[in-house]
Each structure stands twice: as C-alpha cells, then as structure tokens.
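Chains here go by letter, A, B, C and D, matching the order in which they are written, and residues are numbered from 1 within each.
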Amino acid sequence: MADGVRTAVLGASGFAGGELVRLLAEHPRFSLTFLGGGSSAGGTLAEVQPHLRELAAATLPIRPIGAGAIGAEAALVFSAMPHGESARIAASLLELGCTVIDLAGDFRLDAADYPDWYGFDHPAPAWIDKAVYGLPELFAEHLGGARLVANPGCFPTSVILGCAPAIVAGLLEPSPIHVDGKTGLSGAGRGAGEAASFAASEDAIRPYRAPRHQHTPEIERGLELATGQPVRATFVPHLVPAVRGIVTTTYAPLAPGATGEDLIECLAAAYAGRPFVRVLPPGQMVNTKRIRGTNVIELQAIADDRTGTAIVIGALDNLIRGAAGQAIQNANLVVGIDEATALPTVAGYP
Amino acid sequence: MADGVRTAVLGASGFAGGELVRLLAEHPRFSLTFLGGGSSAGGTLAEVQPHLRELAAATLPIRPIGAGAIGAEAALVFSAMPHGESARIAASLLELGCTVIDLAGDFRLDAADYPDWYGFDHPAPAWIDKAVYGLPELFAEHLGGARLVANPGCFPTSVILGCAPAIVAGLLEPSPIHVDGKTGLSGAGRGAGEAASFAASEDAIRPYRAPRHQHTPEIERGLELATGQPVRATFVPHLVPAVRGIVTTTYAPLAPGATGEDLIECLAAAYAGRPFVRVLPPGQMVNTKRIRGTNVIELQAIADDRTGTAIVIGALDNLIRGAAGQAIQNANLVVGIDEATALPTVAGYP
Amino acid sequence: MADGVRTAVLGASGFAGGELVRLLAEHPRFSLTFLGGGSSAGGTLAEVQPHLRELAAATLPIRPIGAGAIGAEAALVFSAMPHGESARIAASLLELGCTVIDLAGDFRLDAADYPDWYGFDHPAPAWIDKAVYGLPELFAEHLGGARLVANPGCFPTSVILGCAPAIVAGLLEPSPIHVDGKTGLSGAGRGAGEAASFAASEDAIRPYRAPRHQHTPEIERGLELATGQPVRATFVPHLVPAVRGIVTTTYAPLAPGATGEDLIECLAAAYAGRPFVRVLPPGQMVNTKRIRGTNVIELQAIADDRTGTAIVIGALDNLIRGAAGQAIQNANLVVGIDEATALPTVAGYP
Amino acid sequence: MADGVRTAVLGASGFAGGELVRLLAEHPRFSLTFLGGGSSAGGTLAEVQPHLRELAAATLPIRPIGAGAIGAEAALVFSAMPHGESARIAASLLELGCTVIDLAGDFRLDAADYPDWYGFDHPAPAWIDKAVYGLPELFAEHLGGARLVANPGCFPTSVILGCAPAIVAGLLEPSPIHVDGKTGLSGAGRGAGEAASFAASEDAIRPYRAPRHQHTPEIERGLELATGQPVRATFVPHLVPAVRGIVTTTYAPLAPGATGEDLIECLAAAYAGRPFVRVLPPGQMVNTKRIRGTNVIELQAIADDRTGTAIVIGALDNLIRGAAGQAIQNANLVVGIDEATALPTVAGYP
C-alpha cells in the first residue's frame, strides 16, 4: 500500500465515508493516509465506524479538516463533507494541487443555482467550470486527468444514465419529463432526526421536499450536458421503509412509432461492455435488493403505446453507485486504471 | 344485533375479509350471519383469523360459497372473493334479491375490457351497467338504494379523489396523466408467494406489472365518470417494504396560471364536511403511517410552475379505505345511514 | 363529556401520551381537560401529533407542566413524563388532591433502589409506600379508590402476569429466573437518537443495557408482591426491528412432575373471565402482531421435561398494554367502572 | 480456475446455495464445475439467482442431483440439500471418493436422535461417526484431510463458540443452560410459506418450535464434544422481522467468584489470532447488522453477580457464518489452505 496514491477521505464518520473507507481498503492503487471529520474528529476509525475494526485503517485517527494537513499527506481527496463545507475545503485543496472527488453537491450546478436550491452562495464559483460531472459511462473522456470531479447525486445518476441515450436517439422527448423517486432512509445520513427514526419510518410512505429537491436542477443540467438538448423535469422523491436503494421512474413523451424494444436496444448499445450497467430484457423489472452493496445500476425501459409514454426506470444502491462506489469509479478513470477496480458487481442475497 | 341487516362476508379468510369482519363487529346496523370462503371453508373464523378470537363472530364457521345458502341468510353481501369468482356469485345473489358490495374488480370496467386487463371473459356483463362505482364522496347520489356496488381499487380511489375536482375545475389537464404508485405488501393478499416473502421484500423497491396493471383502465374510467372528460393514464405501481398503505403521485399538465393554492382550495371545497378526506395545507406531505388502520385518505396538491406540472398525491390504507372500510362506507350510504358509521378516522401511532 | 372526570395527560407529545389521548377520546367517563408537555408546550395537540387532528381534543394547547394549573383543571392525571420529572409533579398533584396514574417508573421500586437503577435520588419517597402497583389482574382489590398508581413497565407486566400464578401454585421456582426480552423500537420514545434510526435498526438484533436494565428490580419486586416469595431475576433485553410489541421468555426451574398442561391450566384459571389475558392452548405460540394496538396480553407456557425447565412467554403491545392501555385499565378500576372501558381487544391484521 | 479443486454446489437455487456460489466465485483454489438442484433443475444459475448474472458461473445449468454425474465432475461437494436428502446423496458421493461438506443437519447428531428431532430414520448412519463436526476454531485439528464435514447449524455455532471455552475453564456450569435465540426470516429458506411473508412478519415477534427445535440436541452434543462435559440445554428460538442475522443469549450458572472480565479474557485467549471471532470488550453489545454478510461471529460475555448468572451472547450472519461461509472455512481447512481464503470480514453499513 505504501507506494500507492496517497488518499484522504473527508467525512469518514458518515455513511458514504464509511463505505469509501471500506472499498478503498481493497484498492490496489489508492492508499488511505488521512481520515477527516467534523464533530467526530478525535476518535479512531474503529470508534466511529465499529464495523470496520478489522481493517488496517481501523487505528487511523479521525482528524480535523484542515487543508494544510490534508494536502501534505494526500494527493487524492474524496470529500463526503456536508454541502457548502465541501466546496470550501475542496477549493483550498485544489489550490494545493490535490485532486478532489466531491461527493457533496457542491460542483454539480451552475453557481447561480446554489442560493435557490442549496440555500447558500457558492464559495468557489471559479472551480465549478473546471469540474467534470462524473457520470463515468457518459463522460469518461473528460475524466482522465481531471482535477475536480463532481460526483453525481443518486437520483440524477439513475435518471441521466437511463434517459440520455434515448433522448440522443430521438426515442423520447426530454421536456417535460416527470421523475418519481423512491429512496431508503440511508440517504438522510447518519445524523438524521426523528423523521428518520425506525418508529416514524416503518410502514411509512412519504413524499418529501417536492417540488424543490436539489436533485431537480441536477437532473436537468446533467441531461443537458449529456444530450445537448434543453430539459425540464418535475421531480418528486419519496421515502420508503428501506435502508439502501433508490428507484427512479421517469415518464416522458415517446417518439411516434418507437417501441419498448427500441428503448432497450438503445440502452443496451450505449452501455455495451461497461461493467456496471445492467439493461434488463423486456418484462423484467428492476429490484434494488438485487444490486444492494454493488456499483451496478439496473435499467428498464417500457413503451406504453396506449398513451404514447416512455417509461425509464433505474435502480441503484445510493451509497455505492449513488456515492462511494461511483466516486471510486471516477477516481479510477482520473488516474487511468480500469474503472472497475475495487468495485463490487455481485450482491449477497437476500 | 339480531334485528340489523343480515350480512354476509365472502372471502372471510383473506386480509380484506378479516378487516371487514372486524369492522362489522362494531356496526350497529349490520349483523354478521354468514361467513364464506373457498379453501378455508370448514374451520371457524377464529381458526383462520386467530387475531379475531375475542369477537362474537369467532365461532361462526367459514362456509362454502353457495348462492342458495347465502341468499337464505343474508340480505347484504360483501364479496371479497377472487376476481372472476366474485362476479359469478354476485350475479346469482343479485338474482336472489341480495344487495352486493363487490370488493373484487369485477364490476369496475366495461365488459369488453375484462379479457385484456383481467384475463377472463366477464360472466355477467348485464350487471355491469347496473353497478354503481362506489366512490362515496363523488357518487353518493347513486348509492342510496343501489343493488350492486363496485367497490373501487385502492390505487384508483386515491387518484380519482385527488384529481377529479381539479379536472372539473379546469386546473389540470386530464390527458396524459402519469400515475406513479407505491404500495405495501398486503395488497398481494395472504397467499402471496416467494416474491412477497419477508426475505425477498425487505430493502426491495420494485416496480411490477407495468404498464398493464388492471387499475390503469379503472383510473381512466373512474375519472371519466367523475369528470365527463376523456382521460389517458400511464400507471406504474411499485412494491415497497411496508405492509399497509399506498401512495399515488399523479403528474399532469397544469392549467396556465393555476397555483398550488388553487388546487388545494379546489380539493378542500370539494370535500368540505366529508369525514374521511383530509386535504393537507401547503407544505405538508402525506404519510401513510398517519392514517394506517383508518378510512381516511390524505390528499396533497402542488403546482410546479417551473415546468407547468400539477402534482396530486394521495395516501390511504389499502385494506381500509382501499377495500373493507370503503365497502362499509358504501353500504352505509346504500341503506341510508351516516356514511361514517363504524369506520375509524384516527390512527394509532407509531 | 362535560360531566365526566376531568382528566389531564402529561407528556402528551410522546408516544405513550399520544396513545393515551387517542384512547381517552373514546372514553365515556373521562373528559380530557388538560394536555401538558415539556419542550412541546406551546403548540396544539394537532401540531405535535398530526395523526390526531380529527379528535375533538386536537385544538387543545400543549401547556407547560405546572401543578397549580393542572390541579385546577383536572382530578385525574396520567403522567407520561420522563423518569424523575414525573415523581416531582406527581407529588405536587397528590398534595392538591389529584389522583395520579404514573406511567414513568417513579413509583415502582423501593426508594433505595432509584440511585442504582434509575440514576437519581427519589424526590418523593413518602409517596412510594402509598402507590399501588397497577397490575389490574393481580392487584385489583387495591386499585379501587387508589390515589396513586404505579403503572407497570412493559417487560415486568408480561413476566409477572405470566409467572406469578405458577409460582403461587408451586409449579415453578422463582429463583433464579432468566428473563429474555425482545422489544420493538417505540419503547425508546419519540426523541430517540441515532441508534434508533431506521438505518441503524433495520436487520439489527441487539441486546442493550444488560444486565442493568431498570426493569430487572421491578420484575423481582412485582413478583414478590404477587407471590410473597423472594425472587432473583437476570434480565437481558434485546432490540429487534419492529415498532410495537415486546416478548419476554422466562426460564425457570420446573417443579418435579409438573407438566405443560399444569402450567396452562394454572394460568387459565387465574385469568378466567378477565378480558385482556389470552392464555394460549398447548402448541400455539404468542405473536405480537396478533395483539398490536390492543390491551391484550398473550401468554404461553411450556414444560421442557428433558431439562426440568418451565418456559413462560408473554407478548403485549408496549404502548397499549405496556403503557397507555394498562394505565386506563387501572384508572377504570380506581373509579370503579368496568376495567375494559374504552380499551381495544381486537387487532387489525396484518 | 481450470486447475483448482473441482467443486460442486448442491441446492444451488436456495439462499445458502446462492451464497456458496457467490463466495466460491472469488475462491482462488476451488473451481465450480457442477451446480445441482431439485425442482430448480433445468434452468441456468442466472435464471434461478438473477442477482448472480455477472458471475462466470451464471450460464452453468442447474442439474438434477445424481451421484454419478456429480462424482465424475467434482472432487469437493457442498451439499445444501434439504435434511434427509442430503445424507442420501452424501453417502453415495463419499463412496465415489468425493469430499463432502454437508450444510444440512444430516451428520450433526447421533443416528438415534434423527427420528425424534428430524423426523426420519438416518439413511447412512455409518458415516456419522466419520464426520467431523465443523466448528473450525474448536476442531481444526480434525478437519485437515477430512472426508465428511458436518457443517454446524447457525444457532449451535454461536452458542458453542461462546460457551465452550468458559466451560472448559470452569467459569460457567454447563447444565442447565437456557438458550434464547432470535433469528431473521432467511433461515426459513426461499420457499417459506405464509408465515414468512412480509405481511405476516413485519412487526411480529414470535417464538417457534419450542422446546423441540432440532438445534437443541446439536447444542448439547457440540458442547459435549468441545468440553468433555455433559450438557443439558433448553432452547427457545424466536422469529424477528429481520432477514439476516441471529443472536443467541445463553444463561448459565456462574462459577463462584468468576467475573465478567474472566469470561471475556477466557474467550479472547481462546480465539486469539483467529480471523473470524470478535470478542467484545466489557460494555459493548453484539449487533447483527455490524457483521452482516461476513464470516465474523461477535461474542459478548457478562457476569450478573447479583444472581450468579453468566450471560454469553453470540451474533452471526446465519447464511455466511451460519452456513455458506463456515462451510468454505471448513473446506479451506480440509484442503490445508488459510481458513480465511475468500471469506469476508468487513460488513457494509448500514
């Protein structure tokens, strides 16, 4: 490990941070040298993430977030800090020459959108233009050697990967699209409050933050980047009593004459040979349980010719493909190694 | 109880049947005299539904389904038999003069739709025209004295109650609408197989039967009945790891200039004074847990003016408001008593 | 309602408080006049318990806890305040002449046990001796006219009702007994932290606070009160991924020659005619789901003659029979009405 | 893979079989050559276990169980066939020279115990004496070169590993011990019926099969093998609403003067250097979620000196450490390689 890329994980006490550390422990090229945290600073990794106590990194301390110390010890930084905080530390680290993979939402939108959708003025707008939006299957050519990667949100990942090829192929109209999201509770993070308690969540199906969820403009912008076409999306996410996994179901106008087979073939062709996209054959339905703990996204496409509607459904593990796994996939591409390095494709079941 | 309306429950060993029996036990006017079942016939109610053993009805036998015996002992029949079987026994009972509330889907569509959507030729098409589609808040005037009530499906109930007033008021366009459903596992019934096991369902978010779920034409037909306008709906239901409760999220074109307040006021006005419709104020989100075990439907409406989309969300308990409770509400209106008789409005929590 | 016993609920924003208010709304003799809370004071009931918004009490304010105001407006007080706080307000209310049903653990042990097991010095030890330990089936004769009732804990209720008759009959030895508890998450209360989150709790089976859970001395003391014999109990509770419901499994030396039938007959005889104790026949197993939302306790007894061990298993809903329901049952007996008034015995299922 | 030990998995369509195939796919020395099944024969692995479709083995057919074909293609056979069937095929395979790891319960008890505890006469009693009871940390010296390994049950594994060292050290008395088990639903297998449905299981805490669960004599016999002392155990298992994971809590007389530290030190010493036993320090509690998907067992020991009771708690993943993982650990020792080969120790969380 000693001669790999020296690597930091910021936000190591959170859910995404824990999964980053766990996956990186098996990585042949990235060597964990720095773990950072906010209120958790002071303890060791094993204290804040006791399920990781058998890792070599278990005895590493969680250290306060300071650019100088991080920059001195790491060349590659995964930041899973809270929104807003992440941009600040990222900017400092970039000035110091680090490569940054940002798992917060801090480099995914145009700077002007942050006050509206995230509630803060962006602290480092100049860096936004230099960030690569890290959907590896769509933007791999920009990732090689990138300095700053905006790791996409879980919902946008599933929508954009599912819809972009079909929009480009002219099989569905990008506007308006209606995106219905369902997510387990881990997306709310470790410190979530009463609404995320087991008592409040079991048997509870609940929309939230509609129609102003911050993934809405990210869906639009990401699809526009991928297709060159303007996109308008309405997005309603729902909490369901699961821990891991999201599903998005996107409804869009179907091009006249297009069939379900057309949609499926288009997706299958777009992702042929890519290790983490599983396009389902006609009649099969996505299932988050089947890909839990993996970096795989399942995609399903249906043409409802009764109503002229294309339905594109994506399922992924929000902590792996929607966060830590995709971040590592991006980092693999940044440094020029196999994108699948250290990333699982096969789930335990049930 | 002896001098109430003599009442039969067919399908008493299922989930909806069990809830019917439980709620009817508190009904001041309906007296349970006959419990019928298919493979469960032979045992007592307490044997097939052990949670009901303290009821007076606990010692009643589950008897085979035969029109003669039922007609001799009951004037009012709730049929929670499987689709197809229900129509056959209902037709016989109607000939004998019984009043029938059908909880199956057997009188909800036009006869010509059954082969396509339910997979059978309708055995009693003449009765379909005489059936009242039992959405009590919309069709109460047809329910008084009705002989046959088609008790609506759980998903259509939530969509039609949520959208019909807004369509009539011209606040949203009825076509195309995109309906995204989420449901717990109890909708699959007691005898559901491997896919409904706990092992397969925990942490699993799964679409199913899209785009050919049999509630699709019911949504269209019910909205047309309620609004007089043609409706086209695409419907994708999803299984989530809950037992009770459904949520439907409907996306439709918003009339120019219409606001969220317009939508909410329209719904509030439509259901003013009705005991079981809870229209939420702006910013509040529906929650199935809050109405579990009750006959209440929660409705929420949002205008996404960025995209010109109306979002109408409904939540209900599929076994009560989506089945047994609504059936009793309908029967109350058929016999001319307070629609709220014997129906709960307040949930235990959590 | 106006002429019933004026009744206060303290801790109305918690889980047990919410269930008290819900059940009392149907009570023909107790009239809610005062709702009290700590940090929740200021809002209305509907704001802190939105599932209760259809109740007449929904518009009542949650008021700060002050003995003067409470005593002026209520004769009967249910206190679901936190441990320690409850004893203080109860003592003041008792001085003012109120009758108090204490749902905290503040009058269940000897005063000397509080520092060890609850971590505080008891603020009103003189009242402990005057408190009646409120297991209605065992101590009904002390409840009529009582001024202060110590409403038992959920685990002790199930153990004591299950074991006391068999100890008295000489069928099992009271010492040592090993009590293994399993509980859902609602027992931790509404404000529970990260360990009670859905993410941390799904698929997690976890012992907690063993062997120093505060219900341990209550089990011993309650059994001693009921049997006159000294009892030593080891108690290990476990959190399981449920919301409502507890099961205790008690292992004790079986008297030579005693059989499972002896145990069951003993329990059945002890509780004959009581509405809320369901003694299961041989071979049937308790199930929390079957009694969820009810005041029923299910009891099961087994003799393992291979090893000379009696196994007594109890199941109840911790928020109803283990808290709000039993409190109302006790209050019914205090005022001399049917103990079953306003208490449910039949669960919805599933 | 071509030159590894040719390996068969029988029962490949079940939960344990699926996990065997998944883990073996990463094994550097065992090459999957044969997948067998009962009613699932005919399809490919990917058809019966769609979550495994990215494995190289995905296209292997599930073939009928026949000793000739298996013996011709495999030298090492993991049998996850149903009880009774497994013994029959194992005996035939052993005659053909195969090495067999039996995941059924067919070689764990004395032949005379099968009619009582499993309900069948043992078809191959001569092989029972030759079987090694495969608890790797206790019986590693018998495993090298073994022909037949009886892979232990999930509950016995946790009890025996937790208690045996303390019995040998004289810290607790082996008789009587009271063992209380809690398990998720995956233990019931893929084809489990209505009682294992999500609807019947959510919020349900239920004992089952007490006091006659077939793991009872296995706990006694395994402890006797490990300690040389006679053991009497009462065992009550409970179903809780989880998928994976079991906890056993064992209550036993504590040796006079023994402390919790003594128990913990004894366990820590017994398993020092072993990769899969995690003995928790005082005050920490086991948690199935923390070891889900791994081969790790967590052990916790407490001395309740108030009552003279030793409490030993074990937690493991029933499909990995309680089945597929322990089977591979045993096979690794049989062939003389590192016991940890291809077995996970670190869980994803949450």
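In this section, a residue touches a chain if its C-beta (ideal position, glycine included) is under 8 Å from a C-beta of that chain, and two chains touch if they have at least 3 such contacts.
None of these values were measured; they are calculated from a predicted model.
Visitor: On the document's contact criterion, could you list the chains that touch subunit A and likewise touch subunit D?
Guide: B, C
Visitor: Of the other chains, whose C-alpha centre is the longest way from the centre of subunit D?
Guide: B
Visitor: Where the centres are mean C-alpha positions, what is the separation of subunit C from subunit D, in Å?
Guide: Comparing mean C-alpha positions, subunit D is 39 Å from subunit C.
Visitor: Taking each chain's centre as the mean of its CA atoms, how far is subunit B from subunit C in angstrom?
Guide: 37
Visitor: Using the average of all C-alpha atoms in each chain as its centre, how far is it in Å between subunit A and subunit C?
Guide: Once rounded, the distance between the two centres reads 46 Å.
Visitor: Would you give the residues of subunit B that are in contact with at least 2 other chains, written as numbers and ranges?
Guide: 15, 184, 186, 190, 199, 202-203, 241-244, 289, 350
Visitor: Looking at the complex, which residues from subunit B come into contact with subunit C?
Guide: Going by the criterion above, the answer is residues 15, 18-19, 22, 25, 49-55, 186, 190, 202-203, 243-244, 275, 278, 284, 289-291, 293, 296, 319, 345-350.
Visitor: Write out the stretch or stretches of subunit D touching subunit C in their complex.
Guide: Counting only subunit D, the residues touching subunit C are 176, 178, 180, 182, 184, 199-200, 202-208, 210-211, 232-234, 236, 238, 240-247, 249, 251, 285-289, 292, 300, 302, 304, 306-309, 311, 313, 315, 350.
Visitor: Which part of subunit D faces subunit B closely enough to touch in the complex?
Guide: Contacts found on subunit D: 15, 184-186, 188, 190-192, 194, 196-199, 201-203, 241-243.
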